[in-house]
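Chain lettering (A, B, C and D) follows the sequence in which the chains are written, and residue indices restart at 1 in each chain.
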């Protein structure tokens, strides 16, 4: 099979779409988190850290309770707590948001690594715990092609798309969303109309904690059933890129995450299909990154952040 | 407002100010840049908390924790620098913070309807679905006013609302103010334009250096007296320019086409010439292509079609730097955005544009000695206050920032200079100064293109005037051969020939009937 | 803020207090796991400064942190967030290695600068891709540099396992020519004090001069503060965006080059170890000021070196990651610390805000 | 005794943990003091090794990443004994006197699992997922493919191997995706030599099997085995380095063991008994350095004949009758010249 045939063959297989969705799901959640925070004007490059702490706490809660749903709840709590730290210093104390986020990434990885020993008796990776069960769509079973994609899929995948729709609705169709956008674009103007800039920003940042925690929980109790020290493996940063590529819009972020997921799936599949030397297979891993660069520079071009993104708001 | 004191970290902005407004009147506040007018109003609006002093609304003592409280107390404010969210629509901006809801959902339909109704009721025409960034400033101003009315404000504060308006728009605004007054609303009006203040107000409060220095009824005073009260000295309100024969042609524009940010034709095939030592005024309502024209002539915007000849050379495709190398100067209309780096100290802003050339730089290294000396000289010569080269320019008042910009451009010895809205937002003293400098350039045989919405300004400074409407030139006139009415018609889109023809017809009657 | 403390005193007091508070918080954690925080910190201090070897190890860590800090900080000054120092460092290391391998017969007088230059160009080239894309298509540098980081990682893996591979065991390149290696300033047993630190300090000074004394610096900063005014002031935005990225990348590339020339003498997999990301916090702790960055890098390298030693007091090293996080967090929230200091410096209790 | 870990650190369920287990075994036996120091990045190695050398009699450096540092540090502390696990001699080949290196013939254990996989596949296709193409990973691949080849030669079959690399030893999600892709391409048994990525591969095997068998995740081993026989097929992962069979009993067919614990134990024992020699030792099946896991949970799935054959292959390798290729060239020329005596 030559490369073109292989690419076309990939596109024609259900597994391609399945892998794409699996790879995109954590990115969608985390990128949505980024959107929530930045739309209100607080940058959040700590997504990686929140994902990590979310993934870890999810496993810890599941480990103690045996119930992965409580694990998810734990992840959300932990994600919100970490996000709150970011919000508190960024909003209340006008801290440099990039420094604060960098610190939180360190704290998240220190904390999760450190707590593993006392909780599980060993470091590096946790024990295996129960996973959130997959959704099986019985009626899908006999549908050709789609049946094989959706026969059995993590509920997180569906939740991710629901989250996209809800986020879009919230940000573009509700009074709260209007205020969020106003606060991210021109906080002073919102302030003069009696909108509480601080509250809205807290909401945005805390929501990013919730969503990034979902992303982390998907990785740990959604797919693998355990937490490993290096868990998000840089996915938080890729999500950040997806958020920008999607122009700070939930739907755009979703497309960007799907694009990345698709190129990742393509890489993985090509490796399984093509008969090329190992060095070349290793280099195929470059595909998602190269494709993203080509898309951002060739087709998307300039994206525009909320005007007050990253600018602390101070009264007087 | 009683005994208001507002202390900023470095400035005492309000020093025991007592300020009383009667219900249902139009009350003006005037004062130099930095006199403390905006600060006072911001406290009334709950944005700032007074260091000491009390605020009474309709006889009741109030303490505002934020604008929300003030809004509830019936106060609305249109801020000096617009408080609009560029990426939202007009309707969204107006209802922000008190949105109509339908269950959980933001009811955009109702918002649009309510805004439309309000705008029709007060004759405040706005396009409810346009984004703020796409509408002209005049409409933005109306949006700001609608914002306050929408919230049911009884007391309206208008902080320099006319600074960016054309005469027609100002007239419209006054109509609205009168209507609001009839509705029983109270208006506080801040302006640097004394004739406006005279026209619209019942009472006038004058502020100087944080204190109230006077309080008069409009009918008991005149513009000159007000000016003197404000500045504390005699001011020349209208400059006289000398008789002068212009020299050779310096600039020749032929069939110029330029696009705007939305990629629509903003300048549509205009042609003109400017001679040395001549001021060509460009009048017109904002948003008719003046901004794009200015940017095209200074290299900031691509010229799509046409020729731009300067001193006999075709410079149509030259970059900003190449144009500056040829001694073409630029005083931009938006000084905060285009004229200076706010964070840079004055001495740096005073060389921006020639910073890479001798004597300021040599072999890629800045010569700080020369740069400082330059700043010292210019600050002294142009009377920039405070007279300190190391202060970030952003920390100066608007008037002094403009002085820095003018000082720089003048010191670069231009042969051709493009000047846009040079006195926007400045107090009378500062305006006097700027006008003098422009005429000085004319004396020095510089070709000047002056874009301004202030008809007075254009009329008093220009040798010739062109009027722009929708990217085209409606006609060219001499200031002393044209009436304000004629200019107004041209700005509204009537061609000069047509106006003349009509006048002829009107005066001469219908030849056939005779 | 009525403060009796001078601005300079504050600039020193704030980070120092941050460190103290962070150590205090971590001390509680150490107590909770049943260890003595004081002795742990003593070991840590010893480990960072206690001996010649400790200091040498400390400084050899600091060497490239200064450079990556400069790289990121330089970008910030011109309004660009270069999150790609990591990848640029690796490209610098690859270029330096490839060139350094082939300079066997050449005198060090030429070999050293040529190898260094190769690293600088490698980093500059890698960063310029992002700069060029931003200038021509508007592609956001955060996206492109994150992607370029990954590509650099994979390329490094490819080179050390493929074309440059040598020996068994670690995938690594051969040693670069002796003449291209930077001799150590001092050797304490296996630990060397790399002469690269001089290069780092010189680079910081050069960056300072570039930013403060040259027209290039004037233009870059103007673009960073206000691109509109810069453009109107005859400064080309696209040229400066590319230039900023190139210089920023050059500094990160130099970091990679120094790691190769002064310490490892070769490149291998997993080369950077996050030094490029550390550059972000270092730049911001040093307030994007080249001299501040030197101190910030020293702070971080001391923590790292000390933390390694602290494990000998049976304190898990993850604690140190947490301490670092807390310190950086407090540096970000410097106003909290300021308020705290003011409260303590004025007996009546300072005012907040 | 102080062990200095590489950046993987303890808890990698791989050579750091394995080495530590060996040290603990020695501790129990000889009552020595032990400690572990973790490294965060490459540049910590010299520092940590030096500090450890000052504190301890025996320093154990774990992981191929540490080789440069080890050869820089060891000569400076001649009184300290160094043990290098999975560390190859320097390019010149000269190992300092106070350093004992242990390498492993990964290809041998991979050979067993390759043979096993080829024998067990129902689809005629098996998978290999590598992390980064470093030498130990590559040796696993050579051995694995050689095992499959041997089976093909002996049985005249044509079992294929699908190869992929995750370019990571940590990204479990990627390991899982890649495994799913290989399963979709028709492989039913996958050997992962990719560190923690392998956990994802194991998870994928379990997930695919659960679906095929129609049972839920908590089903006990007996059910799993019944279902396998009922369906006549199943999806399997093969673990690496340490015995990973327990991570998903019934779904991990076997593990290709690399007995770093034995290496560290041998090293410490020799040092304790003053028999420390220095030099390089390559541990293969013969030295108990590598082996096939016990297959505690899956032995019942494998036909007795195959187990016997593997036993014989083990003997053949130990006795030198069979040499498993450890490079691309030998692999290409490899053919199993084996006749089973039964």
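The working rule: a residue touches a chain if its C-beta (ideal position, glycine included) is under 8 Å from a C-beta of that chain, and two chains touch if they have at least 3 such contacts.
No experiment lies behind these values; they were computed from the predicted model shown.
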Contact-richer chain pair [A-B vs C-D]: C-D
Rounded Å distance, chain A centre to chain B centre (Cα mean): 46
Computed distance of Cα centres, chain D from chain C, in Å: 37
Inter-centroid spacing, chain C versus chain A (mean Cα positions, whole Å): 28
Centroid spacing, where centroids are CA-atom means, of chain B and chain D in whole angstrom: 76
Numbers and ranges of chain C residues touching at least 2 other chains: 154, 157, 161-162, 316, 321
Touching two or more other chains - residues of chain D: 132-133, 167
Residues of chain A touching at least two other chains: 123, 279, 282, 285
Those chain pairs that satisfy the touch definition: A-B, A-C, A-D, B-C, C-D
Chain D residues within the chain C interface of the complex: 7, 35, 37-44, 46-51, 55, 64-65, 67-69, 72-73, 75-77, 86-91, 103, 132-135, 167
Complex contact set, residues of chain A against chain B: 173-175, 177-179, 181-182, 185-186, 188-196, 307, 315-316
Interfacial residue positions of chain A with respect to chain C in the complex: 45, 85, 89, 93-100, 102-111, 113-114, 117-118, 123, 234, 237-238, 240-241, 244-245, 279, 282-283, 285-286, 289-290, 292-293, 296-298, 300-303
Complex contacts: residues of chain A adjacent to chain D: 13-15, 18-19, 22-23, 26, 116, 122-125, 128, 130-131, 133-134, 151-152, 219, 223-226, 228-231, 233, 235, 264-265, 268-269, 271-273, 278-279, 281-282, 285
Footprint of chain C on chain B - complex, ascending: 9, 298, 300, 319-321, 324, 330, 332, 337-344, 348, 352-356, 361, 364-366, 368
